[in-house]
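A, B and C are the chain letters, set down in written order, and residue numbers restart from 1 in every chain.
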Amino acid sequence: MIRFLSVWAFALLVGSAAMADSQMRMAVTTSFHNSGLADVLLPEIQADTGIEVQLLIVGTGQALKLGEAGDVDAILVHSRTAEDAFIAAGFGTHRREIMYNDFVFIGPSSDPAGIAQAQTATAALEGIAQSGATFVSRGDDSGTHKKELSLWAQTDVSAFGPWYNAAGAGMGAALNIASGLDAYIMSDRASWLNFGNKGNLDLLFAGDPVLFNQYAYLPVNPALHDHVKADLTAQLETWLTSQKAADLINGYTIDGEGLFVFNAQ
Amino acid sequence: MVVTLDAELLDIALRSLRVTLTALVIACAIALPLAAMLAVRRYRWRRATIAVLNALMGLPPVVVGLIVYILLSRSGPLGALGLLFTPTAMIIAQVIIIVPLIASIAHQSLRDLWAEYHDLLISMNVTQSQKVRTLLWDARRALLTAALAGFGRGIGEVGAIMIVGGNIDNVTRVLTTAIALETGKGQFALALALGFILIALAISVNLIIHWMGQTEQESRW
Amino acid sequence: MVSVMFPLVLQAAETSRRGKRLIGPIDLSLEGHGVTVVIGPNGAGKTTLLRLMHGTARLNKGSVQWACDTAKAREAQAFVFQRPVMLRRTVRENLMYPLRLKGARKTDAHARAETAARAVGLEDFLERSAVVLSGGEQQKLAIARALITKPALVFLDEPTSSLDGRATRDIEGILQEAKAAGTRLIMSTHDMGQARRIADDVVFLVNGSVGEQDAASTFFDSPKTEQARAFLRGDIIA
């Protein structure tokens, strides 16, 4: 019995270690994964190219770290400044824009800060700050968090009060918190539409061009990590920028609403 | 939809079981002889070792996960093995988490049994390894309880395996990480359903093992 | 083996724990036949003396010398405790245990366990767990387990002290048979009747030293020391 168990354990240990040649790992953001688009794209990618893409769902900050360490073969994120720094440092070979979606402001349906009538995203945030209504921030150094901070930087709000809650959590978890606190929050549209615990929250503000959210594909530099599957990342990039990808991305809807706009060059 | 969900659920549940049972077998192979040695040998650092072991029982899984992550990362000392984000990495993390627990619980029962057996075995002039084997065999029911405690901790653990496994669909997604993911999407009903499966799994493994121990006992008496 | 091992000679032997002397200095010579019974008041050091001879109590001063190599002598001994130590196994497995330690084959040990159980009247309990046996049955099992490897010498530390009359009589019967088979027995007891029934010679221990050593008949009929006379009268000896 003991001999049987140890053989079994050993076989599992060894067997699970190997990674097949047609598998690659890509770090993506929680907001991308929560949109559900991956569930449409991945089977098509496998069918067309034979590549099995394993997704690691993390924040942009961690995705970039995984790329730096060579623990993934490519990343798909949305934080321009961080991406440029990643390429400049040589961790990735290049940056390829794929598509964009947009951020929206969510808040209690009673809208105590009155942001539904705001003209710009900046004005909406200033309204929240002035009214002192509870606001939940991702606070996790993710692309969404960085975007939110850059928007605050354009407002006349100089310091956050106790109304500002940095959750340190992914998009879904942060939405759960906002739902529990009846608070305002900035979310990507896809995560919001797929979110199952909306409670008393509503989409209150959207459409300002500054809220557009560009996704880019960055293959990890094989010069730094020789195990990185450069051939697969190149194949994947070709597929992601193909007409078929464009049709799938533009045609993806939740509740009849389009989420992403394909814009690869 | 229901059919695919069921197939996927079964897959995830089996993966949970496979990872934790493998970790359990390895952890027992380490912890039980260690506990027996601690019970029968008198050496200088014995008390210190026991104290450390007891302290390690409270090891935060997240920290274990982080350390294993750093070790297994491509940029880490063991990066060349390519083990990060594989079930093997999850097994390693779980082994580290449950070895101190199993060893501590096992040590307590083995120490009591050794107090009982000491005079007889010393008189019979048995070797160290014979002592260890006798204690492990005769305390096997108590050791089973220790192993079950380890299983319980392993199967319900999420912090470490989330970090080192990456929660990759079809590869390293297990019940606990799936629950965390679905909770993150606000899909509480699905998360709860997964939770019930996890509880049912833990209870059935306990029952099966207890039942096996029971039948063996009856055939004996 | 008995003739090779004996005489056993203790010279100025002492055992102490944390600087406090438990027994000694003890000078004693034991020959290789019959039943030696160690008697003496509680706390005289009977158990420690048996353990010292067996080699499981530390010898701090003096010497304990077998006629042969100590390790060899140790191989040919068994020890039965006042409170029987039962392995948490069946009766059969308890009996098989010392045989298996000495490398006997499983089938062989299995069969010999049955013979040994029959010899002490436990043949109906072979597959029962040893820990659920009565005190008397446990002690019979402990003695059978000690005898099963056919040791030259068996130490017994007050083997019947907590047993009823019937169990005591059974056990004395078992011991008489062992003696008849040539096994050397060294036992302690506080039961003077038992000492008179089975002792061939007596070691009278008082305050950790040998007060008197003599043939049983001589000791009980005409003790030489005042302390022994007082002990046999039933006086308290401090």
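Just so we're on the same page, a residue touches a chain if its C-beta (ideal position, glycine included) is under 8 Å from a C-beta of that chain, and two chains touch if they have at least 3 such contacts.
A quick note: this is a predicted structure, and the numbers were derived from the prediction, not measured.
**Q** Just to be sure I understand: the centre of a chain is the mean of its C-alpha atoms, right? Then which chain's centre is nearest the mean of all of them?
**A** B
**Q** Looking at every pair of chains, which two share the most C-beta contact pairs?
**A** A-B
**Q** In whole angstrom, what separates the CA-based centres of subunit A and subunit C?
**A** Chain centres of subunit A and subunit C, defined by C-alpha means, are spaced 79 Å apart.
**Q** If you average the CA atoms of subunit B and of subunit C, how far apart do the two points sit, in angstrom?
**A** Here subunit B and subunit C have centroids separated by 46 Å.
**Q** Compute the distance, rounded to whole Å, between the mean C-alpha positions of subunit A and subunit B.
**A** 34
**Q** Show the residues in subunit B shared as contacts by 2 or more other chains, in ascending order.
**A** none
**Q** Enumerate the contact residues on subunit B facing subunit A in the complex.
**A** It is residues 18, 22, 25-26, 29, 73-76, 79, 81-88, 91, 166-171, 181, 183-189 of subunit B that touch subunit A.
**Q** For subunit C, which residues are in contact with subunit B within the complex?
**A** Per the touch definition, subunit C meets subunit B at residues 54, 56, 74-75, 78-79, 81, 85, 87-90, 97-98, 101, 127-129, 132.
**Q** Going by the contact rule set out above, which residues of subunit A touch subunit B in the complex?
**A** 5-6, 8-9, 12-13, 16-17, 19, 25, 30, 34, 54-57, 68-71, 170-173, 175-176, 179, 194-198, 225, 227
**Q** Using the touch rule from the top, collect the residues of subunit B that touch subunit C in their complex.
**A** 113, 116-117, 119-120, 122-126, 130, 134, 138-139, 220-221
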